[in-house]
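The structure's right below; bear with me while I get my questions together.
Each chain carries a letter (A, B, C, D and E) given by its place in the written order, and its residues are counted from 1.
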Amino acid sequence: QEKVKIGFITDMSSLYSDVDGKNGALAIQMAIDDFGGKVNGKPIELLSADHQNKADIAATKAREWIDTQGLTMLFGGTNSGTALAMAQIANEKKRVFMVNGAGGSALTNEQCTPYTVHYAYDTVALAKGTAGALVDQGGKSWFFLTADYAFGQLLERDAAAVVKSKGGTVAGAVRHPLNASDFSSFLLQAQNSKAQVLGLANAGGDTINAIKAAKEFGVGKSMKMAGLLVFITDVHSLGLKNTEGLLLTTSWDWNLNDQTRAFGKKFFEKTKRMPTDIQAANYSATMNYLKALQATKTEDADKVMAYLKSTPLDDFYAKGTIRPDGRYVHDMYLMQVKSPAESKQPWDYYKVVTKLPGDQVFTTKAESKCALWK
Amino acid sequence: MNPKNLSALGYGLLFIALLAAPLLGAYPVFVMKLMCFALFASAFNLLLGYTGMLSFGHAAFLGGAAYAAGHSIKVWGFTPEVGLLLGTASGALLGLIVGFFAIRRQGIYSTMITLALAQMLFFVCLQAPFTGGEDGLQGVPRGKLFGLIDLQNDLAMYYVVLAVVTAAFLLIVRTIHSPYGQVLKAIKENEPRAISLGYDTNRFKLLAFVLSAALAGLAGSLKTLVLGFATLSDVHWSASGHVVLMTLVGGLGTLSGPLVGSAVVVLLENKIGDLGELLANVSGIAWFQTLGESVTIVTGLIFVVCVLAFRRGIMGELIAWLTRLRAGKKA
Amino acid sequence: MSDVILETQHLTKEFKGFTAVSDVTLSVRRGSIHALIGPNGAGKTTCFNLLTKFLEPTSGTIRFNGHDITREAPAQIARRGVIRSFQISAVFPHLTLIENVRIGLQRKLGTAFHFWRSERSLRQLDERAMQLLTEVGLEDLADELTVNLPYGRKRALEIATTLAMEPELMLLDEPTQGMGHEDVDRVTQLIKKVSAGRTILMVEHNMKVISTIADRITVLQRGAVLAEGAYAEVSSNPQVMEAYMGTTDGQLQGAH
Amino acid sequence: MATVSANTPALEITNLQAWYGESHVLHGVDIVVQPGEVVTLLGRNGAGRTTTMRAIMGLTGARKGSVKINGVETVGMATHRIAHLGVGYCPEERGIFSSLSCEENLLLPPLLKTGTPGMSVDEIYTMFPNLAERRHSQGTRLSGGEQQMLAVARILRTGAKLLLLDEISEGLAPVIVQALARMITTLRQRGYTVVMVEQNFRFAAPLADRFYVMEHGRIVERFGASELAEKMPVLNELLGV
Amino acid sequence: MEIFGVSLPAMLSQLLLGLVNGSFYAILSLGLAVIFGLLNVINFAHGALFMMGAVITWMAMNYLGIGYWWMLVLAPLVVGVFGVVIERLLLRWIYKLDHLYGLLLTLGLTLLIEGLFRSFYGVSGLGYDTPELLEGATNLGFMMLPNYRAWVVVVSIVVCIATWYVIEKTKLGAYLRAGTENPRLVEAFGINVPVMITLTYAFGAALAAFAGVLAAPVYQVSPLMGQNLIIVVFAVVVIGGMGSIMGSILTGLGLGIVEGFTKVFYPEASSTVVFVIMVIVLLIRPAGLFGKEK
């Protein structure tokens, strides 16, 4: 094998293409370039493909790359369905599988494999982070607006559990169908519940439309709004006027410190957008993988995985370790969206409310169903 | 050579090519996927091309069966052959239900009914616990066929798929050239007249629906078995749109059309990135590199071009061309 | 078996307050050619539609061979042997002539749902189909596509297909409409010929045709029966002349 | 626009060819109709008479040759503009609109600026009492014959001076056929030009000034009303009258 | 007072909110019905045209500083012109063919349009603010109704009724209806049918765009915003029966309300309820609520 090939498969044309997409690929390429384009004397090549959110395309592509192109490492993007399908294949074919965009905690839980590294965030961390921190700050009673499918229900369940465990109450929940576009009715129900916090257990367009309608109905005046999965691109498209005061959890923001700002600036120059935490994680994950190759002087997945799991990571993205179940444990942040007045420049949206320690926000050993971590 | 022999020769060559493909280095999983879609498109074409009923909900049969087969194999531990049968049967059952409503109206109304019902199934699959929601039903084992042949082996799996798809295709051919097929043709031409000749046309149309759905279900079950998962995209309406595209590109109402069309569309979907890459390298125009991210745009373009300029589809045009050629020779 | 094959009692059809067929009591004798005539809009076609259940009667009963068929579905009635032709020609345009006729013959084989059987199993019907085509003078065109036929020939084909059903009772709605004289004569003779052994109920405006072949005539007007009887009897009825023929000078002849 | 002099024909067709898709149906038809004439087109089924009418209106696939209406060449003209030259067309298949009531059907064709007003609605209702009675009925719910009446009545209103009538006596009760015959006589007296296609020779014979006989998309015979008697044997042979 | 455990005021407010969604359904299904009527084309692109209306409104605001009120007129105009182009360039060639081809062509067009817009604007959407004049909410006693939503209901009902009147009660409407059945014959009567067809499509497109402008301040403006809506609107059309213009308006509004109530009693089903109703309606009335049996 004369080349090291990294295969990146993500949604480039559909629902989640903004948070990861081709800019996600660009981040990986940036890492490769910064690394010098070569590792162990072999040139590094990035293959990327659009899976259009279809698991079958993702899986066939992955399988084909491994079988016919001799892929060294597989990198999975957004959407848990596609990521899970790829994880199976990476496992079968013994390839390191890095995954960022997908949030499904099953990747390192029920369906964990020895080759998966779940790098950026997962649903458990989002739920625990936001809910835990808010209850601590006095947001005791909650109402959930939940997207009615596995992902939303999971978010709600995890968040509700945290709320209850900390002595809070769940005043109610309304399950809305996916892509519900009109949220006014649900928000009215939320308002009538007189809860203190409105937890948005949904994603993407649903979250955006819910936030917009909340603004219209003045929900924000009587309740605190907490988004369980909100990306900076969502805030960007809604504008601060609509999102001001919204609470959310993220694994990274470009405006945390000088290091992050440096990366943000570099990225912005290429794309005219600030990186999402996923895109930053793509860079970081690639870099650390390449370092592992260099350190182990091999591409053998088992050896590389062993190295990755035994070596603490530390860079502009995060500090932490990769657990036996494949989860990269690092700190997360509870953020609040700034008011238009507070924001000093474009993309300056977040202020840190609290730092959420990694060992508290991710699944605990007791909760884990992953056989590798027993 | 007369057209009949010519087409027999064509199918023969295709079959031999498929037999030899994995030995010649073709990537078996991809070819299997192609065959599944070819069967799906042929099943769809059985309904549209020969009864004139356009179903815009065929994803329901593909996806519904994919889940049923996947679930029964993974969770209940059924053997692959039983799983396939069960998937096919559930396709048929769904076809019976959708068909029951669809045949109550004609033309485009009936189309919209299929779309709406399929959409209902989509919502059910989205929420039902056994489908795994948007994560999909993952990790379906291939198991052992009849407890003997280990399908984990790609090659074994490949020949099983080839056999099943070929058999299903032959069934379609036979159906079209059967007494029943004749009646279907008559109904398509003039339904009131068929009624007045004593045919209960609704039952014929329903059977066509069920047959088509069952075969689509078979395609879905096979696909689950091959790829090891079933996901929401199988039941989404865009999958229904896809199968229409395949049939249209290949040639509606021709037997070989759906085979060719599905190959073209699936190849395009999977290889368009490479194609763009190639074009960019050859022509030096960097824009081509973005082709990989514009699958929908390209798909849309194909639809438009096909409908406007290429209505008979690849095989349809070819057949028409051959006929003209022969007519020219005769004259 | 009684010699009345079809009988209606107080058959009525209303369309939103408009009574198209009102209280029609009709009996058709087995083996006869029975004509239904009347001015435009008298309800003849509607009557046909009721008899074949393409329309649901508002009230009244229809009995065929002694069975009450008032509530049966169109296809069921067809299977009992009541076959109709349409006022507007009804063929399968993209099938060949012989295939058209075969569709009519095929149902009796009982293999109509057999999607696993070969088309070749239908060859056994070809002989009979050719016979029928010959009867209507279309034998030379057996392998033509039906679309390409002129109108008159389509009607002839339609009759051949109807005959294939071996109907006990044939309902013909203006069978000669749109035909040239030659064709009219041919079809008239054809009807006469095929009436052997079966009953025919027909609507026709061409008095020449009626006077030649009809055994019995019922005249409808405004949905109700105005007169009934043999041709000579009906044609001398002044009310009929006034309502239908338009001339009261006693000299009854069709427009043709 | 060409000047309409007294001897400009109302309709002048020269070497008209027409196609449906790839099938060539008219192979050079020549017809001349003077203003105020009633001309009948005879022929067997499928001879191409309907096609001739449709070709005049520009409703066939392709057409070639020349069709002049009041001296104006219409080949290459859009159908709706042909109508505005003062042509009223009553199609063979009647073309009653089911989404319109009987009366809406009647009032549908716009009035043409031909200088002569057409018949008034009252006049029409007097002529066809059935229509008056069923005026609020949905168009296609009328009986076959009623629809036929409506199709004819519809173009009498517009003020079209050249009427193309395709088999209008078809499917009508003898009473109505007689009424139609009277109508055509009246129209002729009022100076209308009429081109009829008729199967029903007895209906057409007393009405027409001149006859054309078509076969296989060509005119094979033409003669005036006065020659009718002597032409009967030929007609018999051609049409089986 | 309570109904099934929900207070009357809450019911009333849900009813009003349902009406807002119903208004969108009504305008969209109306446009679909008009286009289907005359062109015999199931305009799958309706959702994309709706989206274009909204996106153009956003573009005008962000690039040119043209506000909402202007766009209420301009966006339908622009999209209407776009409709003319589509009709002249593409749809024109397929009228004689089976419905299938119209559906496929417009489906392709949808993918194309949405794909293009997406490559420029991504998918997370663009924010659009409520016009100042309609900001705020009115206290109705039982609820705070945002003024903007009230405006949507009123204006869409007015537009719907005006359209209904033109089509069912005027001469122009009679031409449209007749042209729907037999365009060639209508043309033979001297009516310029090709222009009529073009304008009808343009009008349908403009209606969709109008709904898009109305939607911009309510929903997030995004290239995919039409995609899900269009399928629901198809169902509305099947339920209504496409037989009458009034039918599609009433069905649209009615289903909006039913959907609104479902959001209270059984929110999980709120996007399936339309399809369930469709099945029930088809069982009882195969031609739809207002459809005419052929």
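FYI, contacts are C-beta pairs under 8 Å (C-beta built on N, C-alpha and C of every residue); 3 or more make two chains touch, one makes a residue touch a chain.
Small disclaimer: the values here were computed from a predicted structure and weren't measured.
Participant: Name, by label, each chain that touches both members of the pair chain A and chain D.
Facilitator: Common neighbours, chain A/chain D: E.
Participant: Return the chains shared as contacts by chain B and chain D, ordered by label.
Facilitator: In this structure, the chains that contact chain D and also chain B are C, E.
Participant: What's the chain with its C-alpha centre farthest out from chain B?
Facilitator: Relative to chain B, the chain whose C-alpha centre sits farthest away is D.
Participant: Among the chains here, which has the CA centroid at the largest distance from chain E's centroid?
Facilitator: Between chain E and every other chain, the largest centroid distance is to C.
Participant: Across the interfaces D-E and B-C, which one involves more C-beta pairs in contact?
Facilitator: Of the two interfaces, D-E and B-C, more C-beta pairs touch across B-C.
Participant: Round to the nearest whole Å and give the separation of the Cα centres of chain C and chain E.
Facilitator: 48
Participant: How many Å are there between the centre of chain A and the centre of chain E, using C-alpha atoms for each centre?
Facilitator: Comparing mean C-alpha positions, chain E is 36 Å from chain A.
Participant: Centroid of chain C to centroid of chain D, CA atoms only: how many Å?
Facilitator: Spacing between the chain centres: roughly 30 Å.
Participant: Note the residues in chain B that touch 2 or more other chains, in rising order.
Facilitator: 123, 127, 293-294, 296
Participant: Can you list the residues of chain E that touch 2 or more other chains?
Facilitator: 115, 118, 268, 271-272
Participant: If I count partner chains per residue in chain A, which residues reach a count of at least 2?
Facilitator: Only 13-14, 17, 148, 177-178 qualify.
Participant: Provide the full list of chain pairs in touch.
Facilitator: A-B, A-E, B-C, B-E, C-D, D-E
Participant: Give every residue of chain D touching chain E within the complex, in rising order.
Facilitator: 57, 59, 78-84, 89, 91, 95, 97-100, 104-105, 107-110, 112, 155, 158
Participant: Spell out the part of chain E that touches chain A in their complex, as residue ranges.
Facilitator: 10, 13-14, 17-18, 20-21, 115, 118, 122-127, 129-130, 137, 143-144, 146, 148-149, 218-220, 222, 224-225, 228-229, 260, 263-264, 267-272
Participant: Can you list the chain B residues touching chain E in their complex?
Facilitator: Against chain E, the touching part of chain B is residues 48, 52, 54, 56, 101, 104-105, 107-109, 111-113, 115-117, 119-120, 123-124, 127, 237, 241, 244-245, 248, 290, 293-294, 296-297, 299-304, 306-308, 311.
Participant: In the complex formed with chain E, which residues of chain A make contact?
Facilitator: Residue positions touching the partner: 13-19, 148, 174-182, 184-186, 188-189, 192, 204-205, 208-209, 212-213, 216-218, 231, 233-234, 236-239, 241-242.
Participant: If we count contacts the way the header does, which residues on chain C are in touch with chain D in the complex?
Facilitator: For chain C paired with chain D, touching residues are 15, 18, 38-46, 87, 148-153, 174, 177-183, 185, 205, 207, 243-247, 254-256.
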